[in-house]
Amino acid sequence: MNIIKTQPKSITTDSTKYCPGCGHGIILRLIGEVVDELGIRERMILTAPVGCAVVLYDYIFCDVVECAHGRAPAVGTAIKRVHPDKFVLIYQGDGDLAAIGMAEIIHAANRGENMSVIFVNNATYGMTGGQMAPTTLIGQKTTTSPSGRTVKGMGKPIRVCELLATLEETKYLERTSINSVRNINKTKAAIRKVFQNQLNGIGFSMVEVLSMCPVGWKVPPIEAVQFIEEQMLNYFPLGVYKDTE
Amino acid sequence: MNIIKTQPKSITTDSTKYCPGCGHGIILRLIGEVVDELGIRERMILTAPVGCAVVLYDYIFCDVVECAHGRAPAVGTAIKRVHPDKFVLIYQGDGDLAAIGMAEIIHAANRGENMSVIFVNNATYGMTGGQMAPTTLIGQKTTTSPSGRTVKGMGKPIRVCELLATLEETKYLERTSINSVRNINKTKAAIRKVFQNQLNGIGFSMVEVLSMCPVGWKVPPIEAVQFIEEQMLNYFPLGVYKDTE
Amino acid sequence: MSDKEINILIAGFGGQGVILVGNVLAYSCIDAGKNVCAMASYGAEVRGGTAKALISISDYEIDSPIIERPNLAIIMNAPSFIKYIDTILPGSPVIINSSMIDMDKAPKSKHDIVKVDATNFAIRMGNIKVANIVMLGAMIKKTGILEPQSVTNGMKRAFYKGKKGLYYINESAFKAGYDMIA
Amino acid sequence: MSDKEINILIAGFGGQGVILVGNVLAYSCIDAGKNVCAMASYGAEVRGGTAKALISISDYEIDSPIIERPNLAIIMNAPSFIKYIDTILPGSPVIINSSMIDMDKAPKSKHDIVKVDATNFAIRMGNIKVANIVMLGAMIKKTGILEPQSVTNGMKRAFYKGKKGLYYINESAFKAGYDMIA
Amino acid sequence: MAENNDTGSDTKRVLMKGNEAVGEAAIKAGCLCYFAYPITPQTETPEYLAKRMEQENLIFLQAESEVAAINMVFGASAAGARVMTSSSSPGISLKQEGISYIAGGELPCVIINVVRGGPGLGNIEAAQADYFQSTRGGGHGDYRCIVLAPNSVQECYDMVMNAFDLADFYRVPVIIQSDGIIGQLVEPFDMHPYKPMFEKLPPKTWALTGCAGRKPNVVRTLYLNPANGLEMHNRKLEERYKKIHSELRWSETYNCDDADIIVIAYGATSRIAKSAIKKHNTNGVKVGLFRLKTLWPWPDVELVEIAKKNKDVKFLVIEMSMGQMLEDVQLSLMDVVPKKDILFYGMGGGWNPTPDGVYEKISEIINK
Amino acid sequence: MAENNDTGSDTKRVLMKGNEAVGEAAIKAGCLCYFAYPITPQTETPEYLAKRMEQENLIFLQAESEVAAINMVFGASAAGARVMTSSSSPGISLKQEGISYIAGGELPCVIINVVRGGPGLGNIEAAQADYFQSTRGGGHGDYRCIVLAPNSVQECYDMVMNAFDLADFYRVPVIIQSDGIIGQLVEPFDMHPYKPMFEKLPPKTWALTGCAGRKPNVVRTLYLNPANGLEMHNRKLEERYKKIHSELRWSETYNCDDADIIVIAYGATSRIAKSAIKKHNTNGVKVGLFRLKTLWPWPDVELVEIAKKNKDVKFLVIEMSMGQMLEDVQLSLMDVVPKKDILFYGMGGGWNPTPDGVYEKISEIINK
Amino acid sequence: MAKKAQVNLEKCKGCDLCIGVCPTGAIHRSGTSNKKGYNYIEINFEKCNGCGACYIICPDCCFTLIETTGSAR
Amino acid sequence: MAKKAQVNLEKCKGCDLCIGVCPTGAIHRSGTSNKKGYNYIEINFEKCNGCGACYIICPDCCFTLIETTGSAR
């Protein structure tokens, strides 16, 4: 009996604290796979966000710093400048990156910091229990948009890839999803690309991953996958928004 | 002897504290003219930024609130919601709007607040003595980029109109300049448009004005005008970036 | 048990309706004119783990909202049993969901254990989610801390907030649980 | 005047090199082995108004950096004269730039006024900006608070920081100012 | 001045979380706008208000951050509206610049801090370690906020109403210092209609409403002329703070007469302490409780009175912190009680004393 | 432990602004990174460092805001670098969340606050009204920063060097509490090479450098388990703060022996006071000065010693604030000096006492 | 040699995502709960064709893909 | 009736922007300074054609455009 595929070495074999069906778990495994493949675990410094991924240090075996809410790009900027030879991964949720941390991500992107960003867009604030995020869809009910998000007063969901694409120093921007096996495989390729770019000194690269938060959305995991397919993909088209190589 | 044109009624006849040749003075007069023409002085609530325009209440005869650095869009949002029938003008410099206040302007724009924004882009921090702003040009020397701004490490100047244009709820975005009589006249038209939009309930409208800061740039006023013409216009093309009417 | 403060622990995993039972109890106390104070282990900022609610009921003013040693418990699953059993005052009634707790494998304890096959019964009733109310019914019968009428009144108010229709199946669940105890 | 603390006010409008004179004086004191402490009214966050520098010179430790009543002044323009003249200790030498201050129109004062046609002279020298150093020269001659050699040494260090070439014209300006006083 | 917690006739006995009662009280008190950003353990307040303010056609806006939220509060208050925000420790830290502006601009508003464990991200359990921040001004400059500390759901409801009145009356920000226990507590309480504390509040003639028919109003904090500008402004504020101190000091005592030991506490810990005290009382031990309802102004006069009455009394300060209010106790009792008679029992960082723990501590003091 | 301000052989006497000396000292002390945002009256520091750090190939970055700057400091410190930021009052308020994280994460760093008038935008003149904020933690949670208060350009230079050492030694943020006078002052000073305070600093084994050859390092402030997590963490911090208090209290006296009145002051006011004191001394009046060099830990032991020596001495606290340090003086002198003998003379909001003003105030006390 | 999937039932949180993607219908709920109280899944070893879809979608990394000779589980 | 520009010399800060835009060269520096110490400008009334360019560019609103019958200033 040979093992063909199992838990990547860089990540924990213990259970995570993520809810059943949470997309963070899939992304975690993809990171583990890419880190193993590129052999960068010992060169890697990860910035964990405030959000459900806050305890990433319990899940990935590398140096980790837990950042204040929204500030991972500022923290990462400093770390990368202190250690330009190290690999710096910025991991952020949509509340973290697109609400409180909007200024920090824009400026890190605009400065063209040579960092890799994984932006987990699950259209809600998972950790605090399912409030409206900047990426919450129109009509989507959350605990702070109980009748569904409306354009009037709350605005439309922010499309982060499109926004950052206007900044010249962003080098690679792709939106992917993890709602299907095929899309998960594409997400892995995008993560690889975004990592490789930093290793090659290309500059600021980000993958935005549309991800399930069944608990925040208050639906069973299977319906969460369908929600991405049927609702999110329309508003957040997948694809490469920038590739300047 | 008839007076054809003189100081608009809405603004002070005293001297301002602006330096000789400062663009803020021209913009002040244009605001005064448009306010007079539209007859909105008594309905108007102005948010003054932290920056050289901080004491706008000494110059314009209307209700004014002095906002913390970068937060005028948040302050204005609240005021407009409390008084939807009043006219709310947001006035911001480039340090104020595009550095510290980046998150607030993006979110106010994204929510489509029905407000008028005048964004004075003078490519530097005037009030604090000429430091690098997010809009400082590549190669431009400032007290905090003494050898000139470089792309590496500091990034390219941020083009705010282009950035905000990606947000669907921005309704009108134009970049103008005040380096010539012709451009000043166009700026006035743009200010009028941006004001009129709010009065018509159209939504978030902004004019970005390329403006001189001779003291921050450390050149005589005439050269400042040339700097806009020769340097800024190349990087910051004038024109209407969005008009959804 | 009704002359001193009753401090109830309700524990299970998220989704078993632990907090709901706490709310029902609190409403029932209003109906019964008793003082009550409830604390849920609230929506942790990080997911996972067991859920728990602590409810104090008294005829007198309730001071500390912090309960160190509950003197009554409803326990919905095995991990909660293991985690909390030692915090409960010895000798106190502990109502356990025997559908999910195998007492043969469970640690020995000095409590008055009452087994209720709640989850299996609820599945048979057609809604696994009412297991919590089955347990509540059993607890009320066992201890007599509140009149059943107060509890059903409390349930009316608790379910009024959410979907009203849910009241009926829960009322049946409550009665069933109540009747399970001799 | 050299046995007690000398507190000098230098005032003018922005661009007249008020702060520079303060720096030159401070460097000169280092050269002369005296204690010195200078405060400029710093780049106000709002523009406009007059610029001023306050310099204390002493053979002893200088405590308060705050000067309430200067006992020596260089005043470069009329608004500064009006604004500050009453803060200066009566009887103290006040060197005024008579190119820009019309003493006939100026308020009367009880000071030892020394007129120096500095701006006009500087224009004639080909650089309006050295008017400040002309004034400085006159002040040093008038008061003798420092050896001229210390001041030229101080100027060397002050101009070294910026453009070195500027030293020469300023040296001439200093000498000219020095010679203007009998 | 006494807090107004009258129970009127339209009163219903209802069950709510402390955080929800805060929201309902705001609506009843005429709060027009609420701006906040989610954070545990206060999120029930925005969640409650999201629903209720929609029903009532009021202004609810989830801000993009705490910084934006506090500046929206600044704006709404400047526009003359009753306005509230809520957050928990890290979010309150982000609001410090804004709070300083609100205080400097003499704007009324209500700020809820449901304190959690710190420093940094800390944890989400109850704590009282933001005491210094609230009472001493975590922001820059000389300013004070009125700080009210509820210890029940009823008080969450009552004090929020009072807070709006006090803010408008004195033109200062009012902080409700709640914590993870009080905010999460579910208790029945009397939901009575809004009963104003003052017969008449000063009209907001300074508010920005457009200058039709009057001179323009300016809301500002910049006073460029230091001597007769900012200095005068600060002296004016100082006078106001003195007035508040003389008019508003709320506290409550329990069995303090004759007590040999008096526990000093506020919020959740005051209730925990009371349990322990009752147990001691049952055993005949003379222990009392001095419970703070205002953390600023601090009821120093009241405490001194007690200290003077009770000869040789010892004080035990209990906090969910390493000792912050302790300093106010010491400052109040200076010259009255020796420092050694002011004892401390505290827990740092999101963990609470228990009734048994307090009981033990008191026993220790007795047996010494 | 004494501060190290030895004058070595490579020393030059140079002329600089306080704000510039701060920058030069940082470079000499091996500061690798500096992150800040412009604000008057501290802008000379970033301007100076922009030039110098480019020359020295160090990391200078003008951040997009104070919030970003302090989080960059957090990152650089976590990465093991010596790092500094500087700002003035409103900017420091914005950094409060970040400072709480840095303290919670046990990260060393140097923070300069060139205090200006507040609250709000206030003005740009010197002030000392951020005393509470710096010494009590303007951010959330139980934490302390070491606070050094220079009163000359020389001390700006020396104390910044000391600050880096103290930060690394104790793993705490160190604040240099400067002000608009000290920062803008131009004075000659001895620019000596970096002289470390400690023979050896603890190696930064906790720093994030990639985990090659070792277990991963984690820099965090979240401790989910309240009891044995955050509680333990806070107790550990408390122990450290006690240690710092026992090892580091810097103050200086002038003519305190026999004094009937002792002025207590720090920073710019200590020099203003000294002028007034000397004038009184010339007239034979016995006035002394107790000057603080550390604001936290506060030199309470030293002050008490003096108070015990000088019978019936009166203390006069002078601040450019409405009375903040005053509380520390009272706390220190509790049981030793009656409250009425601790007098206060202060100025609010960006305005400074003058030597004559202080002179008068002292005369008043004498003549009473 | 055949490829097969194995599942760590103690890690399984019962989210059922794997059931949704399995092309051969080899995965089903066990009907009982594991130590954590989750209704874990089981694999029908015969039906499994070792495609790895479950491995790819499982958020909790419960699966291991193996190459096996026998039919032993 | 001719249009002409008038300048408020006390407000003038001597930035010279008007000199740059005047199509007829009617504006020049006065060579002396006003109360504020600025080297203010003067208008050559004869040369001025009243186009208003100076009014438009002046940051300090120093100009007034008038319609006049005589040549009086």
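Chains: A, B, C, D, E, F, G and H, in written order; residue numbering restarts at 1 for each.
Methods note: contacts are C-beta pairs under 8 Å (C-beta built on N, C-alpha and C of every residue); 3 or more make two chains touch, one makes a residue touch a chain.
For clarity, every value in this text was computed on a predicted model and none was experimentally measured.
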Count how many hops through touching chains it takes, at the least, to reach subunit G starting from subunit F. 2
Other chains in touch with both subunit G and subunit H: none
Where's the contact count highest, between which chains? E-F
Determine the centre-to-centre distance between subunit A and subunit G, using the mean Cα coordinates as centres, and give it in whole Å. 27
I'd like to verify one number: the distance from the centre of subunit B to the centre of subunit D, where each centre is the average of its C-alpha atoms, in whole angstrom. 40
Mean-CA-position distance for subunit H and subunit F (Å): 54
Give me the residues of subunit E that touch two or more other chains. 40, 43, 61, 64-65, 67, 90, 97, 101, 105, 120-121, 220-222, 224
Show the residues in subunit A shared as contacts by 2 or more other chains, in ascending order. 15-16, 18-19, 22, 54-55, 66, 68, 99-100, 102-103, 106-107, 127-129, 134, 153-154
Which parts of subunit H, given as residue numbers and ranges, touch two or more other chains? 36
Sort out for me which residues of subunit A touch subunit G in the complex. 1-7, 11, 13, 15-16, 18-26, 28-29, 178, 180-181, 184-185, 214, 220-222, 225
Report the residues of subunit G in contact with subunit C in the complex, numbered from low to high. 33, 35-37
How about subunit B: which of its residues touch subunit A in the complex? 99-103, 106-107, 110-112, 134, 151-156, 158-159, 162-163, 165-169
Name, in rising order, each residue of subunit E that touches subunit A in their complex. 37-40, 43, 46-47, 50-51, 54, 61-62, 64-67, 90, 120-121
Subunit C partner, complex, touching residues on subunit E are 13, 15, 40-41, 43, 124, 180-181, 184-188, 268, 271-272, 274-276, 278, 352, 354-356
